[in-house]
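The first chain written gets the first letter, and so on, giving A, B, C and D; residue counts start at 1 in each chain.
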């Protein structure tokens, strides 16, 4: 089956107390393990032990974890890495708390990407027997149920797209090219393994290897986007772009910054993807509506701020 | 990769003219081929040639088509059918217009299920180059972009669940059992291949082999459900249940009847599934909130009307 | 200026503890004064001291309070009552806690209706200086900001419509008549003083003098109606009708019952009224879509259950 | 009863053909009378003959019309104008097509404001007998049902606020002041006659006498705001601010420009006002969240572009 999803993101933050407050009180994630300078969190509707890890020290993304379905898929991914020509190392159970063994890949973009097959099952907060649709009490902030995806930087979009396709088995749902004369130049690519608009996306920039453009949290729909924005306003969270809708993926969205300056997103719905759906192609002159369909205007920060 | 999605549903209708008007003007699907007593339609955001086929003569479902990713997947499904013990026959390109060769399976529930690998690519009405988020003109009714899933009847839920898991590679996202003392009795099962709540679902009933419970169209969100209901009211479409939310899948929904009495559904959002998400278990005493979470009351028609 | 709004509703409840839990935890109103068997509550966005009063003992409505703009409006209403031929008595400041003096009218329908010009100003919970759009913390249940309106029973719809028009200066926004041959028979009437679909409505029934059909709480929009329904489901509040939209007023709505069996409503948006907007006329055969526009079906309870 | 509502706005446009296309195809208003260089339009849910008038020649607002309830209210407004010290002249039936006689006031801000008591009743497009909730066919663009309000410029906010309160009987729902040390300096004021956040608003600026800040169209709710923004994107309408929510009035909103550069707004819901609701006070340092609550940032254009 291969890689099934983005399972965790380790973020660097400048001030762990401030970050804890933000991700707990504004995003509404739960702290499941607190080791002082490193904190593990999960959304109320996630079933594995954690999905967001905050490390004090700097900004940006420390590493990303992708989950495979079965232990034997680890070997398969490792073999494909070897064929692709990226280096991997084995990681042991417990290298990440409550997490199985697996491999650690240094992606062409220099990002550290871990692949694992198991994490301690905690379960959704509504349980899995005759569940309610959300927890009746205890939700706070905009109460994101899940992480959704990440957009990471790279110096070489073409190679990173190929990496996620060849090694992870993802397919490209949408792609940004300079113009129709350069159809093979990948300025950005949205990659999915199943029915979602993207599980991971990559964007090319000068010296963007290892960089984070944003990590996204999932919300359900447009009314949840408004509610999230109201909470951001009350908590003085700086909004970067939105509320708006993407042309790319048709998701409803807000980009905003966490207290350390890492860009985050709340992302809701968008169309249902399928492996046989034709890839949408965007030319650079239409990146404005691709990102901010409603105003058709590209925020300058979109192509200048990464962490 | 195996079976990737429900591609088409052939429905029997009592009056083809009435049915055409309904699916075209109320649902907002496009007629792509009209052969008099048989009519082919697609949604504005579907890329393959057709997804709904209406045949005059009776009611219920004539056959369902599932698409695989590659021609060689046909052989794989055929082999799994043989291992499972269901009969198949080869179908030829053109048996269905604009559709590749494949196989025709008689499922344990007696439903005729076709598997194909290709259909003429027509493309979304917004195109795939810098697309708008929906067509600016020409949409009508509630303008469903896609079919979504079907719920079919069976005399033997356990076997049909196994069929879709073993032969199609689907996993069970939610399951209805009589009570916790009978965890292996499958009264109903929701089955997915990717990130959706279900691509197909099955429900057990007396002499429900071959029956259709409903075919669903996809909408985006709760506000679209209201809009669909307003259109249904104006077009005097009889609503069966809703607008409401399912506990099962958390989708927002309306069940209604087409002019022939086939139950249809509009279905929006619901949670994102993953293969490693624990299966939700529903006991029969909670089928009320499972189907109609808001009123927690099971409509009598839900378990009595199939076509 | 005359009567400006429905200010308070005194409800009879069978069990005060149960009622307090419901109106506080599910509706999300605040208890502002607790006298044991009588409890005063307000919504977070109301500025006067209280709007809902619960009295243990029976069911139904004990009395309704309407606010006038200025002390001298009391005399004006009193004079109009005399002209209309209904009896009034003076009430003193403090007859209702934190409430000014005024008059108590016995309406033609036998309902006790109080008119007052002042109540202790508490203010919205967001304050009135650079306010946030809702309180960041402490909201619970569906957190209704306001009461909205009441629908009361009467044996004589025509007279009660005239009462609210002649004495209170309201105008009729929508009216239910038996059929076009009987345009003057008032089966129900929706009455407004300003821009809302109704501040009060009356409905005729056998022995419905003094009865309460429902008291409504205001919500903002369709997504809030869903949220309220989800909370009702979790709190096992019996839903009577909805979620749906009224044809009459176009409001989005749920009717439900409080623990004593009094019908309540959550009501959102609807069109903007104006005194010069032509009155909508509904004939009895269209009461179905008038009340439940989406299903076009009249719940049997609508015309049989009053308290 | 006095002035009940803003009834019409005459706008100057640079190119009448372009303006007709915009207001008809994008806003979705109906052309009810076309005199070449002057065009009369109404929304589908308006009952009077017209509400928007487009005149070729320049930009900005030519005049505004306010409706009173009864012919005798004209005299009352005239008397109050005299007492206030503004000049009026009589206008005759037919000065404006399909419109009664009345008076024409030169407001302290130099705006030409007409007051009339009657206009030919055309009725809502859904009729007033058992009406549907919107017209089943023929709506286009974002299909605004109504005009909502206007925000006009003035050199002297204090006087213009007093004008609308003393002469028109409006009350102030929200007010912008420089700071708490200058509570009587009116930088902007939102004024209502009934239950709406505002029927008219005024904003002070240098040489802003006679200027138009924006004219607003009414939509129902947040999902309609998204739909309007999608249509604006498709029609390449330049969005100025939004989609967002105002802190002031809590309305959901988009500011945008018509083809001539006049600012328009789509405005949905917001709280229910009442004459006894305490006036919200905004200090100038909070104008950002007052206008754009979600980003808390004031667009530079808000205080620089008027027409």
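Everything below uses one rule, namely that contacts are C-beta pairs under 8 Å (C-beta built on N, C-alpha and C of every residue); 3 or more make two chains touch, one makes a residue touch a chain.
Just so you know, these numbers come straight off a predicted model, no measurement behind them.
Enquirer: Which chains are in contact with both chain A and chain B?
Expert: Common contact partners of chain A and chain B, which must touch each of the two, are C, D.
Enquirer: What chain lies farthest away from chain C once each centre is taken as the mean of the Cα atoms?
Expert: Chain centre farthest from chain C's centre: A.
Enquirer: Any idea whether A-D or B-D has more C-beta pairs in contact?
Expert: More C-beta contacts join the chains of A-D.
Enquirer: Express in whole angstrom the distance between the two chain centres, defined as the mean CA positions of chain C and chain D.
Expert: Centres of chain C and chain D (C-alpha means) sit 30 Å apart.
Enquirer: Starting from the mean Cα coordinates of chain A and chain D, work out the distance between those two points in Å.
Expert: Here chain A and chain D have centroids separated by 43 Å.
Enquirer: Using Cα averages as centroids, what's the distance between chain B and chain D in whole Å?
Expert: For chain B versus chain D, the centre distance works out to 48 Å.
Enquirer: For chain C, which residues are shared contacts with two or more other chains?
Expert: 132-133, 221-223, 230, 233, 245, 289, 293
Enquirer: Between the chains shown, work out who touches whom and classify the graph as line, ring, star, complete or other.
Expert: Contact map by chain: complete.
Enquirer: Quick one: which bits of chain A touch chain C in the complex? Just the residue numbers, please.
Expert: 132-134, 136, 221, 223, 230-231, 233-235
Enquirer: Taking the complex as given, what residues does chain D use to touch chain A?
Expert: Interface residues on the chain D side: 222-223, 226, 229-230, 232-233, 236, 239, 243-245, 252, 289, 293-296.
Enquirer: Under the touch definition given earlier, write down the residues of chain D that touch chain C in their complex.
Expert: Interface residues on chain D, with respect to chain C: 1, 4-5, 45, 47-48, 67, 69, 121, 123-124, 128-133, 145-146, 193-196, 218, 220-223, 245, 247, 250, 269, 271-272, 274-283, 286, 289-290, 293.
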